[in-house]
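Both of the next two complexes hold chain A, though its partner changes from chain B to chain C.
After this line comes the complex of A and B, so read on.
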């Protein structure tokens, strides 16, 4: 059995990644929909759209880094 | 290598009488990027008129396109047996296009006549079918002097309401929807008034004789005969497509070129007796262009190199509007060339900037390999990539195959020498509670030298356990990658505006970046590694000074918004943590999948069948990881190039170098031609 503190830290790490993931997903949802619309109009926008779609994704990485930092404090 | 090919602007002057020859010569050189003439840019010159033959060519092309549309011929496909262009041209001059058109449209006209007849007969039949259950012969519907016949649809049976009409006879169809009412001419108004309540709609009965049923049968046989005729015509069309299909494609191609050449004068300047062509050619090819043109035109042409365009934007500012933009001819080796496509997906580089293709061709597969890093996945990548490179013709597919091939090689290198694993299991090491190694699984004893290949005391780096180390490596890779982006940006600015401008434009950012990295490093030393703040203070102060100086320089150039970009820079560096994260997620999945399938096989449930199912499960689950690896590692690697690195220097929006040339797919030039 792990003690309560460690458990809470683990939950915190999970939340950091999970919530950041939800946030990035919400962001990408809107950009993605608009980008698909734009690409249907003009295929040459594909590259630029990719760049725009992946921009919110960095948020997850921030969550991940925070999660790692929490996990390091645990061990 | 890094820069697009240097370009020179040339001007070609010649006698208008020989414009056709000059056009052929220009096309055959395949190096001339034409600059469109703009009205009024040269006094005494105007835009030329299309060549006389181009009108006929466009007319023929138009009728050919109509035939293609009717016969459903796809002209974009590449022919297996190209025809000689001389033959095709010969056929054109012998009115081949017209004869094909005549042949095809004769059948088409016949066919549409048949279709129209079928439609007419079918409409007639529909009316007959509606009144079929009324026992009145067709010839009885017409030809009365004192009686009118009202035939039409109703919504309900009007028998009761019409019973008051004197000397009338009403027939109602079996489904009570159609009526035929015979009344005296004098009673017509009254009858119609009553029928209005029943939503009576008049229909006219087509002429005919005898019982309705017989007439319907007659029409049916007629329609059947017509349909057979139509099918016959369809067959004829298919036969025509078969017979002329390849010729039509070849004629289309030849005529398109003829039209293209014929309308070229619309893009150049002409006076009453001469023509002037402005064009870009690669600087290294100017000599070949001058001698090539003179040779082809028997020295009856004047070609002069006007300028060798430098990369400085100063030159652009002072150029005439139509000479401002220089086309970009990307200049990459046989391998890097395949990565031009992903760069063009974003945008073509400008003439005055470094082409990121080479950098992309190195880092894209490298990152891909770092993220996947597993021999088990690397080998299929290499095989698939090599196969794709050998067979694929489509540009997109070739680019993907190239990425897979080189990504696969890096995956192999990292998978073997860095991670030392295959299908998520290390080669060397002892089994733990939930992870096997190849050594423990088969009880292997590797020789000393083999074990020594792998880092980390022969185990290889674990994607799941050595996360701290991998994160550090990822961040360092990121720092180098971003720094490279800034350095390229600096060189771009230096080339375009000079060193001083470059210092303000990118130098400030380079100093800020170095300061930021130093700051982040010293802070992690204090906060995570536990070095005392006092020991780190000089570094922190130096970092802070660099950041302040760097931002101050950037503010001078870009204004206050430069401050807002600093946190984004921090985000850029952290973004490289995904190199570890993606690898870790793959390894985590592989760990779980191996646990499931190996436990299943080891438990020996169901004997041989259990082992087979276990192996199938193992293969399938790893296939899932493999496919996901292409998607996630590929996209994330590309994203790191596009967003984190290329945004530091790449502007893009360049115009591609498109020399006048004839790209033949379905016809070929015979040797005797120019």
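After this line comes the complex of A and C, so read on.
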């Protein structure tokens, strides 16, 4: 049985990753759609588009870092 | 929920990226300079290597020379516009679909003009752009009709519209198509503005763009008719309502001005005055320069708004305008060279 404070920290860690994931997903939705549109017209843009598609994913890393910091605080 | 919302709003990111990639492959100013130095077969080969290869290959077995270039360029444009329409969704598709109906009006005008002047069916087909709601088979059906009356009746049935009897009577009375053409233009813009209620920002942007387009058409109409010496009231009959800067009051002022120079004072307050200032000069300016000036303004506005609102309908309209100008430029060069017009004159007719 964990105490209430630890539970809230765990929820915070979950929210940090989850909300960052949703944000990245929303960002990636438009970038991905645009990338597919550009690639269908010009295949040579594939490399550049891949870089742009993964860019919003960095947001998740920030969320993950915050989540780890919370978890380390817990321990 | 997000998917449904996105679908309803339109897939702006996908469609805009697609047209931006297409726009990058359009011909540049240098390409036109090169084309002016070429012969017709060389131009055919050059455009085949510049995005028109599919249409050129399809038609090369049946037609050649200038006919091949004219037919292939319009067919290519129609294919690209239809492709864009099919790749859009939601409100974006609604707007594109409404905007592209201008080609239905264009096609009807081409068919009526062709039939009136006894042009053969194949030559009429060269100028048709099946990018609207009427596809090739529907246009063929219109072309197969014997009289203009039948064509108009069939068009009304296809488009679910009714041209008022007074317009038809005016046409029957003097045989001039101007009343029908004017009615079609007004109907197109009225329907276009009516179908896009300005409740959302993308639709407001779209309406603004269309209303600017109306301004350029109206101004061109006023100045052309004024140069012909037509009276103010008669000029006003051809004015399309709901322009952005040229409202009814200003249009009446312009139409009733004594001469073009007097009208210039009224025009000085408009955004596009700088582009047409020189063309308005009674001695040195020409109608050709005026039309070119208006087109340049329209392109610059489209370019500017497309940069300001990258995820909107404007970049798509911007591409369509550029594509249409590219096709018109190719046809001008080909037709000019074929007719033996001097290269400097052809260059002056291009919009670059």
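Operating definition for what follows: the second predicted complex is superposed on the first by the 75 of 75 C-alpha atoms of A that agree within 3 Å, B and C clash if a C-alpha of one lies under 4 Å from a C-alpha of the other, contacts with A are read in each partner's own complex, and residues count from 1 in each chain.
To be clear about the criterion, a residue touches a chain if its C-beta (ideal position, glycine included) is under 8 Å from a C-beta of that chain, and two chains touch if they have at least 3 such contacts.
Note that this is a predicted model, so its numbers are computed, not measured.
Taken together in the superposed arrangement on chain A, chain B and chain C fit without clashing. After overlaying the two complexes on the shared chain, residue contacts for A:61 are found with chain B alone; chain C is out of touch.
Judged by the touch definition given at the top, the superposed model places A:48 against chain B, while chain C stays out of reach.
Between the C-alpha centres of chain B and chain C, as viewed from that of chain A after superposition on chain A, lies an angle of 50 degrees, to the nearest 10. When the shared chain is aligned, chain C comes close enough to touch A:30, but chain B does not.
After overlaying the two complexes on the shared chain, residue contacts for A:38 are found with chain C alone; chain B is out of touch. Applying the stated contact rule after C-alpha superposition, one finds that A:5 touches neither chain B nor chain C.
Nowhere in the superposition do the C-alpha atoms of chain B and chain C come closer than 10 Å.
Put simply, chain A uses no single residue to touch chain B in one complex and chain C in the other. On the side of chain A, the complex with chain C involves touching residues 26, 29-31, 33-38, 40-42, 45.
Only residues 342, 344-347, 467-468, 471, 528, 571, 574-575, 577-578, 581, 635, 638-639, 642-643, 647 of chain B touch chain A when the two sit together in their complex. Chain C makes touch with chain A in their complex at residues 2, 6, 11, 13-18, 20-22, 24-25, 87, 311.
Across the complex, chain B is touched by residues 46-48, 50-51, 54-55, 57-58, 61-62, 64-65, 68, 72 of chain A.
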